[in-house]
Structure formats: structure tokens, C-alpha cells
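In what follows, subunit A forms one complex with subunit B and a second complex with subunit C.
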Partner chain A sequence: MSNKENSVGIGLANFWVALGFMTVAVLLGVYQVAERSGFFPSLESPTLYFASVSTHGVLMGFVLTTFFIMGFGYYTATTSLKMPIPGKGFAWFGFWLAIAGTLTAAVPLLTGNASVLYTMYPPLAAHPAFYIGATMLVVGSWFWCIEMIWMMLRWKKAHPGEAVPLVHFGNTANAIMWLWTTIGVGSEALFQLIPWSLGLLETIDVGLARTLFSWTLHAIVYFWLFPAYILLYTIMPKVIGGKLFSDEMGRIAFVMLLVFSVPIGFHHLYMDPFQEAGWKFLHMFGTFMVALPTLFTGFTVIASMEIAGRLRGGKGLFGWISALPWKEPVMVASGAAMLLLTFGGFGGIINASYSLNVMVHNTQWVTGHFHLIFGGTTVILYFAAAYHMFPRMLGRKLHSRSMAVVQLWLWFIGMLVLTLPWHVMGLLGQPRRISSAPYDDPLVQQWNIHEAAMIVGGVILFISTVMLLWNLYKTHSGPAQELQMEYAEAIHPAPRVPQLLNGFAFWNVVIGIYLIASYGYPIAQFFLNTTYGATPWGV
Partner chain B sequence: MGDLTPEEEKQILESSPKGTLTLLVIFAIASTLGWLYMYFGMFLTHGPVN
Partner chain C sequence: MHIDETEKKWVWITVIMTVIMVGVLTAYAVGSNIHPPSGFEPIDSTRLHLTEEFAEDNLGYKDNGDGTGTLTMVGARYGFYPSRVEVPVDTPIRIRVASADVLHGLHVPFTNYTTMVVPGYVSEVNTTFQKTGDFSVMCNEYCGLGHDHMWSRLKVVPKSGS
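Our next item is the complex of A and B:
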């Protein structure tokens, strides 16, 4: 069995699980925009709506992402390192554990017993099966993390002194970041939510729980984004006929993402009372720091596009843009993702600004922001990865390249039509996470045009999803075509790089110190300070 | 790409990405102006929602 074949089965299994659950989530999304618009009274049901929102969020944010990232990691690891997955049974066990966790959590979600808005923010409480299932999903993903780290160590041992291929350097950075990231929500689930939901604890400290969840809540976004960035650095330049502007810049960006993304979660707690303003202010600076690797990525990726455009004959300051291969799905998705990242990034700067956050906190603006970053930038690049990898994994021609291009443009348009009105509605005062509003109020009447737009956006996204699934499904039975999985070369290839950009031991120490500095006292205070009437030790 | 001589290709690979830098400068200016508008134009003048 070749290295490629070694990862095809587990890669495709992960991809199809991710895409299958994503389809359910998109369907629920269409229902949600119709329900909350208030235009269809027969659809209105807060109970069903909140169950649907919770399921939609969990499927998109936890299930689609985790499985897709695992599939992407396994396939890119074997094809870039040119070595098989070690301990294949170990990897499959993690996959099946994650499946079992997803199904366990799905039962209370679909029966309305886990309508906690896809979060782990008490006092909202779910059935224990939800917390146990979610924990199993996360633990299943840890098997993938261990595999990624294991493969990097084995490769380095076999290639002493050589630079780990950038693709797998990114995969491993993401795996390590995910392990650090899940400490927060894992502790919350293990010591608070599961015992509480089982009735073993009568009360829990909501402040501690929300602080622990904030540990995970922002870094998870970078867990989602990592494969998207890896594609932009290592696959896109090759596909469009160019070279990567800088291999080292990619390594620096991945290390910065790893270090900066975890200890900044308090910008999700700006309006919560149990953390002091000073800590929030410090986390605000940390949040702005994490914009740096994204800016580095923006520069390196666009510069790589510019090189490709000029090599294809593009002239002048911007003539290279039109010279790019816009009939290539990876190019379309990359261009769309960068544009959506521009809009979403701007919204993120507003959210992260401590004072400005007051204006948009818990409004529909926030929903618009994270849909742009996740549904826009991240997921559209997942689609590009699928279009690129499925033919190579299956040894078959993509069913329809033109359909793929149309599908990606539809997704891009649908996402803008859906999310830009949400930003406006947020500024007009619409709260997020509402199922309905009194639509005769003059304030609320301002929302109507935007409510109509979001339904159109939701329908466009659903049509786009159907096209994606059909195209990938038909690729399984398409004509045979042997394609190699190739990665972009840098303009100046770096066979050897400084150890700090070729391993993570030092950076793990830095993360540990940074986490203690930013979360140490804010967590310790729940155990050190006496809160009258609360249980000792805060749990 | 096939129409380029090796010298032209080398020149492109070693040139500064002027278009990229210009795009990023435009983005930085637009973001700064947007932030200032959000702060001074919307936030400070916002008042309560009623």
C-alpha cells in the first residue's frame, strides 16, 4: 500500500462525515432565517428554533470542522512527508470515538434537550449526553493531534537537520494548539458541566465556567482556520502556476498563531462582571496581536498570487489580478476567502476594541462577523481543498470544474447577502439569539428589508451546498485520472531553517508562561476569593 | 508562463510585490478610517437603543 493509499480511506471517511453533517446544518440554517424573519407565522416556534440553532452551531463549529481538519491533516501529512500514518488503528479509533460522541450529542440536541445555543455557557444547562458526547468528540480529535505530532517526530528523526515540509509544520502547529485549547473546555466539562448535569453537584460557579470556556472559545477559530491557511500557503501557489513568496513567513505565521491565539479569550467576556477590567484590557492587546499572523498571511498569500499573475503575463500595478486563473476552483476560493477575510477581519477589530464592543455585543453584528470568518473564509477554502483533493484521493477527474467555480461564487455571494445585513441589523439594535421580535415596533420595522435579504442569502447557500455535494459525489464514479498531490515551492527554498521554525518545544514553554500570565489569576480568584453564599472552591 | 524568458522569470521572482503592498496599504487606510467612523461617528453618538 502506498503512502497515499494509506490515508485515502480515513481521509475520505472524515471528509464525507464533515460534509454530511454540514448539509444538515445548512438545512437548519435555512429554516432559522425563515423562522426568525417573522414573515412566516406558521413556522414560528421558539422551542424548535433554539434546538435548531444549537444543532446548527454544534454541527458547523465542532463537527464539520473537526472531521474536515482530521481528513485534511491525514492526507496532507502522508503526501507531504511521504510516509504512512503510524498506528493506523489508533487513528481509526479516534475517528470512531468522535463519531460516537457526535451521535451521543445529537440525541439531546435533536430532541430539544440541549438547546444551549451551541455553547458551554451556564446557567444554560443541557442533558448530560450533550456534554459527554461533545467531550468524546474532542477526545477523538486528540488521537489525530497525537498522530500529527508523532508523524512530525518520526520524519525529523529520519531527516535530521532538514526543514519539516511547511504543510506538516502547519498541521502539527494546529494539533498542538488544539491540545492547549481544549484544556479550558475540557476542564469545564469534566469538573463542572458533566457532574452538574448528572446531579452530582447542586450548583456550579458560572463565572469560572465562562472563564474556562473563553480559554477555548477564540482559539477554536484558529483551529478551524489553520487548514485554510495551510492551503493558501502550500497548495494555492502551485495550482495557480506560481511559487510561495516565503516559506519562512509561513512558519512564523503558524508559530504566532499557535502562541497568540489561546490566551486572549476575555474579549468574549467584555460584558461579563466576574473579571476585572484590567484583565480584559490586557486580553484586548493580546487579541490585536493575533491579527499579526493573519496580516502576515494576507501579505504572503497575495504576494504569491501576484507572482503567479505576473508569470502568467499580468502587467502593471494590478494587471496581475486579471491574469490569474479564475476558472480554477482553488483560485476562486482563495480570492473569495481573502475578500471575506477583509470584511470579517474589520468586524473583528471592532469586536476586539473594548469600548466599541459595547455597541455590538450580543447583537446580530457578532453573528455576521463569525459567519464571515467561519462560513466565508474558512469553509470556502475547505470546499477548495475538497475539489483539489477528491480527484487525487480517488484517482478520478473532478466531475465538473465549471460547476465547482459557479458553486464557489454562489457561496461567496450568498455569504455576503446573508451576513452584511446582519451587521447592519446589529447596529440597528437587533439582539443575536432571538427567535422572534414584535414586528410592529417602529425600531423593528427597520429590520424588515435586512430580514428579507438574509432569507435570500440562506437559500443561495443551500443551493451552493447541493451543487458541492453533487459534484463530489459524482467524482467518485468519474473517469480515471492519475494526479499527484503536489505542494508549492518557495521562491527561495529553505532546506534548513532555524530550529525555532522547525519545532515546537520552545514555543510550548512560551505558551505555558503566556497562559499562566493571562489566565492564572483570573482562574485562581475563583478559588482564593470568598463569595458569600457560594460553595467553597468555586466548583 | 511559457512565453517568458528565464531572465524575465527570474526578474519577476526577485521583484518586490508592489501590487500586494499597495493593496495592503489601501486595506490599512480603509480599516483605520472605518474604525474611526465606527468610534466617533457611531459609538460616541449612539445613545441607548429605544
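Our next item is the complex of A and C:
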């Protein structure tokens, strides 16, 4: 019998769009490492470089992620709740709106009319089509958010008193978080950037714009990370032949991520004027709070791995590690992701530190940090999800498991080779977002060796990308094999959980209050005082 | 509701770790008065030349006469002005920076002199340079196609009279 859920089409469409744009972005990434190294004089061109970095950042940060998360959400929702996507036309409309937005933004990006980087900080101004396209992409993703919430509510109605499956509890937490998160950049786009770039507003307040952007800038990384965590909790333990250590801890972690990740964005403004130190200090507390759910996750995930290892006959303190199924892509990706997350986590604590941030702010360290956690931890688990879901969606065998395993290790190594030198160069003072290093400073000599290493990293990642695409593409025409999506059971199954861990109404009130407390005055001050706006500047 | 005993212990460990980290940061912030550059001080970036403080002739380092100094700078595409400044070592300095055009980031590697330079707002950094020598003042926020070329120099010299 066939298990074709009605999410297969939209799931695959989202995944392929995500992978397609990611491939373009990887190619740009390789060009960027070559250009910025300064080893190839014929490549030098700031015009091309900044058009490229802007496109690479937008494609990786906004496009790959949004489409991947939507595909993941649809497919896991239908397979865990065992119900179809309601209002499929609605879901497809969101998808096409997001595509239209991406293409609208791509035109100015590729023609050098939006070389303002993915952070789009004013008063550098892009062509209005860039802001409008990006906004359409975000609005498209809201359709997905509504679908996720809608499905959770429907399921609860049909199963009164029962615990919503952890997978979909996570999807919904992410959807709700994303709606709260996008209020910041959404307001910046609608009330500032779009009217200003169209000439309807003469000036905009850069301090206000940066404050609104900070509202989005931290929680967006949790939007990206959520599916990766969901996979670690609900898919990985099953695939490796074990059990989830704790269903309730998963729920607690998801709720904490939802509540704590939006109201703490000021760690992106540590080095900015226009906000008082006290506010930054308060946000620092919140920022450290959001480390907790990640630390809890680390425990549950490693404990779940240990259970699997021991069930497979692993003995001794570390013997269970070698007993794990290291030929299984989901296992390899999860192991690699945990390692990358550990390295990245150390860096993150430095960045989040009220007083240490000054040493690394806006240096190449930061680029290293987010490639490690985002390009590394997060994306490697996206790959794992694709390897796991494609065969199930298509009803076909994965083209090559061993190729998948090699691909994942290559990605892991490539990311380390790319990002470790960046961390070092950052500590050696290299600013981020430079296309060359014309400084007449002996420091620059010390950067060279690291510039060479990062090119090697880029090439490894490119090879890895090709292997990924080939494997998934060939899976479409592989031999038939019917596999079900199965989710991990907890050691102590939780058919019923406390109300607070089975719904979000209460938590939405908490977030609302927390947001007003942390962002209310810092935003209001721009309206209560006389400030001076900035007119648009070309690059 | 079931939370495993080992997991409860881990929760406590993580909470204690977090409290320690935040505690150390708080101790430095409160005890040694270490804060990132902050403060809400609007200024009209299009009229810097008409202000007393940021007019071209008034930029640079001034000795306050009480063992402290003030350094005033402007960031504009593509340089920080004055493009060469000399400041004394081991002297508390109040640095004031404004942008004449777009967003910039000012950073002097291996010192605590780092701040965003935001059009419409004055940035203020309070620091003491602890080593003499030549330093680069680099722009670390993308400000346009010439961003890489935006840099100037800072020389930290021995205190006069010592």
C-alpha cells in the first residue's frame, strides 16, 4: 500500500527550491573566498563581491531556510498527526508568494542594485524591489505558520486531552515564534524601508531601524535551528534504534526557545549608540537564558544516543559510541552537528558576553561563528532530513547511503576548515565583510595562511554539495521501496502532559509581556525624543 | 510528568553554569564599570560641520588638563578623520565619534576602542590605551563598495613629561 500523504508534493517542491537556491549560494561562496583572499588579482572587484555576498547571504539566510523549514513542517506534520494538510490551496499560495518574492528580490540582487547585504542596514538603500521581494517571501512563510497552527488545533479537537506529538508541538512552536519574530523586520520594511526607498518618506531613523531589525535578528537563528532540533529529538533516536530520553524535556526546551528567543535581540546592538547600557545589560540576562534549552537539548540528544548504543550492545563508558550506526546518514549528521554545536556554542558565549563582545564584534570571527552553527550544525541536519525523507516521500530507495555518509563528513570537515581560520583572523583583527585587505598594517601578513585555508574549506564544501544533489536527484529514479515515517518513542511515553506543555495560549501572553518590557521603551524613545533621520545613500 | 533524576542534575548544572557566567559578567560590569559604548544622543549627521564639537577644526585629541583627554572623530566614506591621531598611553580618554553619512563600525584591533558609528547618533567610548605603538583604525561595518579601504591610523605615544 502506498502512504502518499498530501504533503508529498508541496514537501518536495519546498525541498528542491531550497536545495536549488542553496547550490547557487554555495557557488557564490566559493567565488567569495577566492576573491577576498587576494591571491587572484584578476578576480578583484568590490562591485561583484558585494553583489555576490548580498545574494549569498539572502539565499542562505532567507531562502534556503524558509523553503526547507516549510517543507519539513508540512511533511512531518502530516506524518506525525496522521491527517492531511487542510486548505491545500492556501499552503500552495504561500509557497508561490514566497517564490515570487524570491524572484522579485533576485533581480536587483543580481544586477548589483541591492548590494546592501542580507542585513539591509540603512541608510544604504537598495532598489525597492529588493525590500518588496523580501517582504513577500516572509509573508509567504506566514501561510505556512498558519497551516501549522491550524493543524495543531484541529488535531487537538479530534484528540481531546491527548498530548500533541512532540514533532508537531515543535513545528507549531517554531511557527508561532516566527510570527512574533517577523514583527520586527516586518515593521521596519513596511513603515521604513519600503516607503523610504520609494521616495514616499524622505528620511528614516537609523537607530529605530536597527532596533527593529535586532528584534528579528536573534530569533531568526532559532527559526533556522528548530527543525534541526526537532529532528534530533524525534527522528534521530528512532533511526539509530533507540528511544527518546525525555519527551517532556523536549517540550520544555521548545517552549523556552519560543519564549526566550525574541525579546533578547540587543546583543546585536551591544556596540551601538542610541540604546542605554542598562537595556543591553538586561538583554544579556535573557541571552544567557536562551542557552539553557540548547544545553538541555544536548543532554537529551546524547542520552538518547547512549540508549541506542547500549541497546546495540555497546559497553563501557564510551563503548556505546562505536556501537552506534555510523553508516546511517542521520547518525553521522547528528554526531557531526553536536560537535559543531559544541564549538559554535563556545564562540556564542563569547559573543553574548556583555564585556567580551567588544573583542570580536563585526570581525571575521562572527562570520566564522555563524557558518559553524548555521552552515554547519543546522544545515547538516537539513541534509540528514532530506536523506531520511526523500526515500519516504518518493517511495524509493536512497540512491547511495555510503555516498551520503561521505558527503556529510566532507561537509563537517569543510565547515571546520572554512570557519576555524575565520575565527583566528577575527581575533587577529580582520573586519568582516571586506573584499580585500588593503590595510598597511603588519597584521595583514598574519592573515594570509588563514586566507589560504579557507579556500580549501570552500572547495571541500562545494564537492560535498555536488554529492548531495546527485544522490537526491538519483533517488527520484531509484528502485521502489515503501518506508513509513516513524517517530521516536520516549522511554516514558507521555500520552498526557500538563496543559502548559500542550498548547501555546499562555506562552503567547508571556511573550507579549516580555516583549513590551524589553522593547517597549527602547522603541518608544525614538518617538518621544527629537531624532534625525537619514536620506537614502547608494552603495 | 516524568523528568529523570540524572536529567534534573544536569538542569541544575546548566543553571549553575549560567549563573556563574552571568555573575562574572555582572561583577565586571558593576565592579569595574565595564560597559559597551552606549547612550542615546541624537545629532543631525547632515550638519556636523555646523556643530561646535564635530567641526573639522575641532577634531582630534585634546588634553583636558586633569590627566584625562578627549578624542573627537568623524567617520565618513571612506575614512576616519583626522586620519592620523596621536593619543597618550595610560590616560583615560573619552572618545566621541559621529558619522557624516552612512553606518560605519570603528575598530582598533587589540584595544577596547570599538563602536558602531551610526548616522543620527553620537557614539561615545571611554577607554585607556595600555600599550604604545601604531594601530590601525578599521571600518568593520559594510558602508559601501569602498568599505575595505576605510581605515586610518592611531598612534599611542608615551605620556608627555614622563
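Assume the second predicted complex is superposed on the first by the 523 of 539 C-alpha atoms of A that agree within 3 Å, B and C clash if a C-alpha of one lies under 4 Å from a C-alpha of the other, contacts with A are read in each partner's own complex, and residues count from 1 in each chain.
The rule we apply is simple: contacts are C-beta pairs under 8 Å (C-beta built on N, C-alpha and C of every residue); 3 or more make two chains touch, one makes a residue touch a chain.
Just so you know, these numbers come straight off a predicted model, no measurement behind them.
A.B. asks: Between subunit B and subunit C, whom does A:I349 touch in the aligned arrangement: first, second, both, or neither?
C.D. replies: A:I349: touches subunit B and subunit C.
A.B. asks: Quick one: is A:S435 in contact with subunit B, with subunit C, with both, or with neither? Answer first, second, both or neither.
C.D. replies: second
A.B. asks: After the superposition on A, what does A:L179 contact: first (subunit B), second (subunit C), both or neither?
C.D. replies: So A:L179 meets neither subunit B nor subunit C here.
A.B. asks: Counting only touches as set out at the top, which of subunit B and subunit C does A:F245 meet: first, second, both, neither?
C.D. replies: In the superposition, A:F245 touches subunit B and subunit C alike.
A.B. asks: Just checking: does A:P123 make contact with subunit B only, subunit C only, both, or neither of them? Give me first, second, both or neither.
C.D. replies: Only subunit C; A:P123 stays clear of subunit B.
A.B. asks: Touching A:I302 in the superposition: subunit B (first), subunit C (second), both, neither?
C.D. replies: Touch status of A:I302: first partner only.
A.B. asks: Should A:V456 be classified as contacting the first partner (subunit B), the second (subunit C), both, or neither?
C.D. replies: neither
A.B. asks: Should A:L339 be classified as contacting the first partner (subunit B), the second (subunit C), both, or neither?
C.D. replies: neither
A.B. asks: Go through the superposed model and pick first if A:I413 touches only subunit B, second if only subunit C, both, or neither.
C.D. replies: Neither: A:I413 stays clear of subunit B and subunit C.
A.B. asks: Once the two structures are superposed, pull the subunit A residues common to the subunit B and subunit C interfaces.
C.D. replies: Common to the two interfaces on subunit A: residues 245, 295, 299, 303, 349, 353, 355, 358, 429, 443.
A.B. asks: Looking at the complex, which residues from subunit A come into contact with subunit C?
C.D. replies: Within the complex, subunit A contacts subunit C at residues 46-47, 50, 115, 117, 121-124, 205-207, 210, 245-246, 248-249, 270-277, 280-281, 284-285, 288-289, 291-292, 295-296, 299-300, 303, 349, 353-355, 357-358, 361-363, 428-429, 431-441, 443, 492, 494, 497-498, 525, 529-535, 537-539.
A.B. asks: Within the complex, which stretch of subunit B touches subunit A?
C.D. replies: Touch residues, subunit B against subunit A: 1, 3-4, 9, 12-15, 17-24, 27, 31, 34-35, 38-39, 42-43, 46, 49-50.
A.B. asks: Quick one: which bits of subunit A touch subunit B in the complex? Just the residue numbers, please.
C.D. replies: 241, 243, 245, 295, 298-299, 302-303, 305-307, 310-313, 317-318, 320-321, 342, 345-346, 349-350, 353, 355-356, 358-359, 427, 429, 443, 491
A.B. asks: Help me check something: in the complex, which residues belonging to subunit C touch subunit A?
C.D. replies: Subunit C residues touching subunit A: 1-4, 6-7, 10-11, 14-15, 17-18, 21-22, 25, 28-29, 34-46, 101-103, 105, 107, 109-110, 112, 114-116, 118-124, 136, 138-149, 151.
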